[in-house]
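Alright, structures below, take your time with them.
What follows is subunit A paired twice: with subunit B in the first complex and subunit C in the second.
Moving on to the complex of A and B:
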């Protein structure tokens, strides 16, 4: 390296920073996982084996996958739909709509959870008005068969704007000459959509799938703010499970081992998506 | 969808025209920058959105931020009272936010005025208190001399030796202080309060703390005026409660027959314990920590609770103290199981539609017993304190008749002493009046606390989770308790409580 004096500010310091804010907590978390409670008693891999025999862990894993599948699928579809609709229709003031669509992104997830908890509340929220006109009042967060969808809706509401923004920018980057040429060649409208539009945003779709998949596997705030994992355990994802074990039950070691499994899950799913979806080519 | 697709190429052509007219055709990017640039309105919207978000975050931080009080007190103590230079003349208390924690401020003021000892009172949110306490103790921190904790977390303090035994300071049991409050601070726990953890069985009991803030017990309340209208008598049993709930319930008004905290975990577990006790369960465990809640008594108790709770408001499964208090304040419920410390000031306050119309009493009896559950914050001396004697002086003053008089009259809460509860000058105070004589009867009924184990915070999440699921109708009472048993025993085995 020619400019050796730049090594300290541009290599060593950022590396040190990364170690402090990222590697150290990770290592500490792994260390914690070998102890009972908060570094109380060293028990080796006992937490890891115990958790594999814990039915709550598998239940939470299933809820996590269910939640992630519902939210990521919906966010991609709705985001694409919104992006296309804003691009296709002669909507007045599109920039205004663009702003409206992205407002949820400005609200902290935990606040979103609380807002939706109130909106969903059958006694104190707007839904209670249904009762005044004699209609049955639903309890979206209190009914076990509805709760996972109700919580997912909060995440979808929060993160669809992100997908929309990415897709919208992708559609706008398509060169109109390409479309014009296709039209002259007699391509049908659907063919243009399928052969020009979709391939153009394909990489973006993959990026959004990757990003939202890995993020939603660890979603926490909106679930904690609305149901805290209930009713019962039907919305208890792995992060909520780890939180309850760590910060309600005070078994930090067990929670840390659950977190390490979650980390492995995210890493495996993330790298698989990276390869399978062709974001990187080997 | 097809109509959207059909319009796509047209849109792109229009787009091109727009580009040309904006003279951006030379750019590689077909999207003119002017179209993506943020307008003033967008900027204002974004700034406003950001401000709202920041305000919300700020509000959250404000509510969770530690508050050191009484700041005036501390200032006053250092300015108007003889200055105290030695470390022994100053103590620090770690307590909790909110009205329950506020009640201690007048006692601190009086103690400072009487002794010249400076008291720093740091208060933090409920959820942080256990975490803070545990981290202080594991690091052998000497910052705080007196540490308050909610009672389910105190076994952790007792077992780990994080609280100093009061025998060191010459503590003598005072019969005027309610037994339940003292027994909550005794370790190993007295037999009537449930099984003793395996590691603590052979230890001789010592006093480590006293229960004082919040609670004290789950009360039963009913609307006296409505009961008269219904021409029904005061309930003696849980069957009577169900009958009243059914008779009073009118969802159309709405006026509900029942309310309690139905949220998962601690709220529903705590509030329903009296029913389980009354149906004959001494605890949800036997003396050797085997789970017995799935037996016939437990199933009957849960079935009875669910039969009553079906007359509750919609969304009861998400009800915490706030929602329960709101229902009572709005005068929309006939009866319920509130914990006075959480709600009594609001429910009996001038804005409440139920004020003066509720009777607070020991919950009705079941086929097996007639008692309730006790649970409140405890106060003990940190084993790492450098000012233990001074800290003891404060606790001694707090528990004294004089200290309790200040605590009750100026702190606006209930007294820990029987003689003060029975004193007309005290029990006529608006914040004590609703609780007298009900609370005294409850203390005399030997209320039991949550099972005394360091594992309870873990176990209650399982147990309270299944009760909550049963409340939503997602699982039958028998299945809920059977599944809870399996998972509870899994935890107990992991901790070596059962083989």
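Moving on to the complex of A and C:
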């Protein structure tokens, strides 16, 4: 109880600081969403109801969900594959592979978008080599049916290393004796994977889903760097939609209400996953 | 046994190529001449590497200013966030006299601040910073960057404190040292490597930030490197060499940093994540 006097500088002041820089603007954003344009006219919940009748909003919502599902699913599968490959077999120099794999994590996401914009270019990128051997050269960012997969691949390239690192550290934490004992008892690699590896990474899979799902629902940078939401609106996620409405059409009230819907989406997904995780010890 | 490992090596190698090839392509594109860039199909190795696009960025596009702005803004935000994180997380994990429910409530709230969509703060900050004349201003950007670096620093620092045993602290306090003295002369020096790691990560997150910088700055006096890279993409005349050079400038410093700090990245990229 003798720490009472320290509660003010160590807990109260930092809490106040966070309230001022984060909670106050958040409330401000909600206030904005009750107005038309730039705080021009109070219209209550009109923005919220208008947006529910706006087909562009549903399109952006669908793009966001599709993008998130593709990316998170792939990142988990590939990350698990890499982590198992590196941890379960006698691979030389595992640290060397790790070093290579973390490179995309260093690159600013908008630059990753730009990198792939160059790579995907049908005549300046390496894809043009396909033309040399007589195959049709695709335009991954220009073809509407391909674009969503192409921008998803950028995110997969960026964030699979994260899933890999989480799974790898989890698998490495399994005591080798456990695996050896199973091997001596004649268990196959697949049985070992199913009965020893999978149970121990099950929580970690949820952890990766939790972080990547909530983050990828708000994707912006890599898409701006590559397609800027196009062609048409096929890669316009909710964040990009809100950005265009707010800072290009200057209807911030409408954009703010779109971002409040996005916040609700992230909050619902986040808290559902979170409850299954119990990250904070109760 | 050797032969059975071969397919595994192929998987690992395949993914390594997938990871590195885009970076390789970025760098060679930045080194080719405009003439060479026009060759279809593209050359896989630059025939006569030149640095023209880099000099162009510094002479014509203020990349010297943008680098300076990024370094100043990111260092400031990272330092303040780490400072607050170190103090706040200590208060939340080690101080007595705080109810468990309040403690968990605050921690959950901080976690929710790590997760929420950045765009939602872009609108109010656009107004608020205009009102106090801090748009297109580095100080304004620092404030906004604190909204995501501070919760991250608190959350990760909490992880370090959880692992850190309080025995030494308690022994020193039994000997009559005050809590504050113990914190500043024992705990902080012991956790200095952890604090440095958080500082570096906060710096990197700010360096990579794009959305806020795009919205809240509009010329070289406050723009950051990521906005500079985006600015090289022009609808009217596309210069792939210039775009690639800008991308390289924005990426190489952090790649080098990550390679130097590989161990910390591998161990700590996942922190606060693997362990609660």
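Here, the second predicted complex is superposed on the first by the 254 of 282 C-alpha atoms of A that agree within 3 Å, B and C clash if a C-alpha of one lies under 4 Å from a C-alpha of the other, contacts with A are read in each partner's own complex, and residues count from 1 in each chain.
Just so it is clear, a contact is a pair of C-beta atoms (placed from the backbone, for glycine too) under 8 Å apart; a residue touches a chain by one contact, two chains touch by 3 or more.
The structure displayed is predicted, hence computed values, not measured ones.
After overlaying the two complexes on the shared chain, residue contacts for A:111 are found with subunit B and with subunit C alike. After overlaying the two complexes on the shared chain, residue contacts for A:224 are found with subunit C alone; subunit B is out of touch.
In the overlay built on the shared chain, the residue A:124 is in contact with subunit B and with subunit C.
When the shared chain is aligned, no partner comes close enough to touch A:73: not subunit B, not subunit C. For subunit A, the partner touching the most residues, choosing from subunit B and subunit C, is C.
Contact with subunit C, but none with subunit B, is seen for A:256 once the two complexes are overlaid on the shared chain. Legend: residue contacts after superposition of the two complexes on their common chain; A:243 is shown touching subunit C, with no touch to subunit B. Applying the stated contact rule after C-alpha superposition, one finds that A:232 touches subunit B and leaves subunit C untouched.
Common to the subunit B-facing and subunit C-facing surfaces of subunit A are residues 38-39, 81, 85, 89, 95, 98-99, 103, 106-108, 110-111, 117, 121, 123-124, 128, 131, 247. Per the touch definition, subunit A reaches subunit C in the complex via residues 1-4, 6-7, 9-11, 14-15, 17-18, 21-22, 24-26, 28-29, 32, 38-39, 78, 81-82, 85-86, 89-91, 95, 97-112, 114-119, 121, 123-126, 128-129, 131-132, 157, 161-162, 165-166, 169-170, 204, 207, 211, 214-215, 217-218, 220-221, 224-225, 238-239, 242-243, 246-247, 252, 255-256, 259-260, 262-263, 266-267, 270, 274, 278-282. In the complex of the two chains, the subunit A residues touching subunit B come out as 38-39, 50, 53-56, 81, 84-85, 87-89, 95-96, 98-99, 103, 106-108, 110-111, 117, 121-124, 128, 131, 134, 137, 139, 141-145, 172-177, 179-180, 182-183, 189-190, 192-193, 197, 227-234, 236, 244-245, 247-251. Contacts from subunit C toward subunit A in the complex involve residues 5, 8-9, 11-12, 15-16, 18-20, 22-23, 25-26, 29, 37, 40-42, 84, 87-88, 90-92, 95-98, 104, 106-108, 110-113, 115-128, 143, 146-147, 150-151, 154, 179-180, 204, 207-211, 214-215, 225-226, 229-230, 233, 240, 243-244, 246-247, 250-251, 254-255, 257-259, 262, 265-267, 269-270, 273-274, 276. Remark: subunit B residues 2, 4-9, 11-13, 15-16, 19, 29-31, 35-36, 39, 41-42, 45-46, 49-50, 52-53, 56-57, 60, 127, 130-131, 134-135, 138, 153, 156, 251-252, 254, 263-265, 313-318, 323, 326-327, 455, 457-458, 461-462, 465-466, 468-469, 471-475, 486-487, 490, 494 touch subunit A in the complex.
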